[in-house]
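Chain lettering (A, B and C) follows the sequence in which the chains are written, and residue indices restart at 1 in each chain.
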Amino acid sequence: MYSLECDVNVCQTCPTGDCLVKCQYLDMDRETAIAEMVKIGQGEDSFVLNDCVTCYACEEYCRRGNHPFYLITEKRQEKGLLTAPRAITKQWINIGEPQGKYRLGKIRERVLSFGFMPEFMGWVKGRLFEDVMPSFIFGQEFFCNVVYIHFADTAIIKKRLPRIVDNFRKLKVNEVIFLHDECYGAFAHLAPAYGIDVPFKSIHYYEYLYNRLRELKDLIRPLNVRAAYQRPCSSRLSSDQHHFVADIMELIGVDMVEREYQDENALCCGGIFGMCFGYDLAHDVQKRNIDDMAAHNAQYCIFNCPACQGTIGPQVAKRGIKPIHMIQLCRKAIGEM
Amino acid sequence: MKYSDIVHRCFRCGYCKFTSDYTDFNCPSYRKFRFETYSPGGRMWLIRGWLNGDIKNSERFQEILFSCATCANCVEHCVFTFSDDLVNIFIAAREELIADGIVPPAVRDYLRNIHVNGNPYKEPAAGRGRWAEGSPVEAYTDQDYLFYVGCVGSYDERARKIALSVGTLLVKAGLSVGILGEKEGCDGNEVRALGESGLFELLARQNIELFRDHDVKKVITLDPHAFNAFKNDYPGLGGKFEVFHYTQVLAPLMEAGRIPLKACALKATYHDPCYLGRHNGEYRAPRSMLRAVPGLELVEMERSGENAFCCGGGGGNFFTDILGGGEESPARLRAREALDTGAEVIAVACPQCAKMLEDAVKSEELEDRIKVMDITEIVTGCLI
Amino acid sequence: MMTGIAQELARIVGDAYFSNQPEEAYFYARDPGLMPPHAPEYVVVPGCVEEIQEIARLANREKIPVVPMGAGLALTGLVIPLRGGIVIDMKRMNRILSVNEGGRHAVVEGGASQGLLRAYLDRRHPRLRHSIPDSPPTATIAANVMIHGQGRLTQQYGFNSDMISGLEVVVASGEICKIGSCALSPDWFSKGAPLPDLTGLFLGWFGATGIITKIGVKLYPKKKMRDVEIFITDREDLVAEMIYELTHTEMVEDINVFAQPKPMIFKDNHHITLFFTGDTDEEIEFKRKMIWHSLDRFIKSKDGGFMGVPPVMKPTLLDMPQRSVSRFADVKKGGGFEYSGPIIMVDKYPDCTRKILELAEKYGLGYSGMARIIGRSHAMMYGFAFTFNRADPDMMERTRKALHEVSAFALEAGGVFWKATVDEQKMAMARMYPATLDLMKMIKKNLDPNGIMNPGNWEVAEL
């Protein structure tokens, strides 16, 4: 059975306690941080298990690879501590259940994964993707299942993810380019943390887009706009890919506004907060985030994750900032939109 | 019968009768006759009853089936997944009646005239190209486009003027076009819509061979009905040519300013023909032509675009008149609707719509308040 | 050659709007529900109230049944001519006669459809709306009121029949009655009060006492924006409490609760769908906040949460009427849909939801449990909806059996049948207080002495 590879001694000897010191939702000093993480690691109770809001950021803040958020989630599950209302968790588990309704393109060694997000079916067009399309996959059979860490449920991940990996194995693919950030995080970050073997190379679609843009640089007309970036929670699982945002913006002539809630200090879209905790936290986070974008005169808000876009896209638009997905922005840069 | 396995799925909810915003009933036969039986849901339930032997073919049953104008309002607005097949289902039922040989005399006569004369007017083939005499429109040899006119444009008095107007403007716009004249054959769209699939196939194959013999690569049609047949039904029978409605060819030229026009103060409303609009999704090109005329104010009727109210000429009714006239006939209702916009002109892009609406304007005694003009007639009147 | 009656009817409405043909007989003998067909002898489509008066006089004289019909979308066979006779298709009389903006009411003809009024108001009176139900837009306003239907404003203001301001009715003798303030005033502002409310003689009687030829419709403020949230729970036993809190806010437009096994996003949970409106972002956001906070204790206890409504789902939910409701009919690829929707106390929700599950399993049927809250939790309509394939007689029979069990259950649970089938009417009458039944008998006997008004329905005397 798969289990989380993390060592409580690493927490004990941590010089910073950054996982919880930097937490945007809990306020504590280094001593408290370390003490609580050690308690959690040893299976004891901690207020952190009740108060953590599942933003994933501590997976990035921990520089020692000791998976603080996965640990919190494991212990919550062991203790029967729920984050989300049961009905919400049940709904998400049902949505992710394989239905035999997957879609496969013309599968080659290199394949684009749409995960289980139908938005990509409409967005993935044009020259940026002609290198790999029509080799694509879509469906719950390829769904990474990582989202359940929001719902303190790793059991379902351990149950489903190996089968998902098997589905990939059956396709005999060598390289999978993940269009959903969380999928990339699942296979590149979470799976190894649980000792789940991944038989292919995982590529983040940012890396793919960046390389394609360089190949097609003659087609690029600099967009000359100011944009804010909406960093999704899942990006904390793949922080080594985050630099591609700035790299791509430079290529396509987009001026990323320097704002308060960016990079390590980014705020998530709050969608999960609403479902789990009610009105106030979600509203507060969304307001601060979007006020921040507006205060810095962003003309666009660039989304990485379609779920973020569904959650705060309309609110962003109401403030006169145009919501746009990274794929569409890149297509715009090469004159396709 | 084709589709007999799905006719039971109609819920007779009636979305099919309406526009998308429910402003009015939009099924021409339902609006005229007012019995549920004359609506798409009525037809579905009756066809099922007939297939089950609960009702028999009768004059009324035939009237119900053949009064459908095949305008596709039901296809557009039915909320179920089989909505795309609705008009096809009604045509399939007509096919069964044709096969049984029990159809209204007007339908029988129309089909016989096509079969015997090659046109429904019982006119000789030799007269087909006469409208072009004295015009700059030449016989087709190897021009870029074949200008396909069709039976109505070739023989109907009003439509011939439109054929002349369109043909002349195409030439004036610098396009290389030619007509087949007496060699032209009936496109068969109405034959197919009336359920005579055998005759339709014959006509189609004859045309496909004729076009091939003449090395025709691109066709511009006068009539949206021909456009529909060439675009949707001919490829499956081997037709390999590009087809355009004349508005689709003229619009880009007008948008680019290649047809010099003077200012023409005119308030016009555009009537979407069903076979250009709902059936084939072309709502933009005709409007683009009108907007390119300086001084022309384009106003929309309450029901326009996908919600346009059919003039009642489709489904063979232009010839068979089974949908019929009277104060509640679709064409007369449409003429009144056009008047309500304050427009002086109803702009049309179909010779059948033109005649239907013009007759309606006369019946409504509105000739001094509103005119029916083909788009090219409007444009020609504003040429420098 | 037409009989005397036929000739007379053709003279009254005009040849074009009269039929005694097999085609009309076939269609008008049926509705999209499960009742077996009963054919009319004649179908007429009158154009004005005078024609209806003449038809009524003729029918009363000749003792021929008369059945007024909207669009037949009650699905419980109420427009099927149980004893033959004349079906009056009201939909040609579909004019909007007047709208009084300041007094917020409209007067429409008896065959005016829901969609038509909505479109008219959208275009000409954009600050006004009426309580539109989710039946297809061809459903008529008068028929919906006649059956005490419910719509988008029901949680706020009651049954759609509570939201009327007067009637014009043609009775069996052919006379016109004006009911409400319009009986003595030119203005249609009240259906009865402060005088004796006579609408009770006609509403809920399914045309068995009179034919509605005009109706005053109360209109309500229409705000510029409208939004929807869905609160989901796995605790059906807490649904009534959740709704109590929601209705307490007085911020909600409409509350629908549903549970169905498909699609997967809906499986296993109960969904409290609530709509709210506002003229400004501030108003909408304030209402959203109040609504969310009203359910805080359930969120805290993990007993429920607000789901993220996928962007593609919102337009479907906000549609008025909701097309997705009609689409339920084709789930079994058979165009069939009927539901028994008793009006019942909200706290019976768990019993109802357990019952529909039991019946769906017992009879192997596709189902949806759909409830609409009436008033501030005064009651709910719980719809036991089953979808069937019209070409599968066995499935249709199983659906009938399931619905029959629903009727028995509803009565035992203290519910009252909505748009009762003939069988349910009999069950209701058998259970009713004797003196109440006597009142009904007296009304029916006096208003329809010859038994010609939609006979077969509310036949108290035949019990």
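Descriptive notes on the structure:
The rule we apply is simple: a residue touches a chain if its C-beta (ideal position, glycine included) is under 8 Å from a C-beta of that chain, and two chains touch if they have at least 3 such contacts.
Model, not experiment: these values are computed from the prediction.
Chain contact topology: the protein chains form an open path, each linked only to its neighbours in the line. Put simply, the chain closest to the centre of the protein, by Cα centroids, is C. Just count the C-beta contacts per chain pair and the biggest one is B-C. Measuring from the averaged C-alpha position of subunit A to that of subunit B gives a distance of 53 Å.
Averaged Cα coordinates give subunit A a centre that lies 47 Å from the centre of subunit C. Between subunit B and subunit C the centroid-to-centroid distance comes to 40 Å (mean Cα coordinates, whole Å). Within the complex, the subunit C residues that touch subunit B are 16-17, 19, 21-24, 26-28, 30-32, 43, 45, 71-73, 89, 91-92, 113-116, 118-120, 122-123, 136-138, 323, 326-327, 329-330, 333-337, 389-391. Of all the residues in subunit B, the ones that touch subunit C in their complex are 6, 8-15, 17-19, 21-24, 33-37, 42, 45-46, 49, 54-56, 58, 60-61, 64, 79-82, 326. Chain contact summary for the complex, subunit A toward subunit C: residues 82, 84-88, 90-91, 94-95, 97, 99, 271, 274-279, 283, 307, 310-311, 313-314, 318. Taken in their complex, subunit C has these residues touching subunit A: 232-234, 264-265, 267-270, 281, 288-289, 292-293, 295-296, 298-300, 302-308, 310-311.
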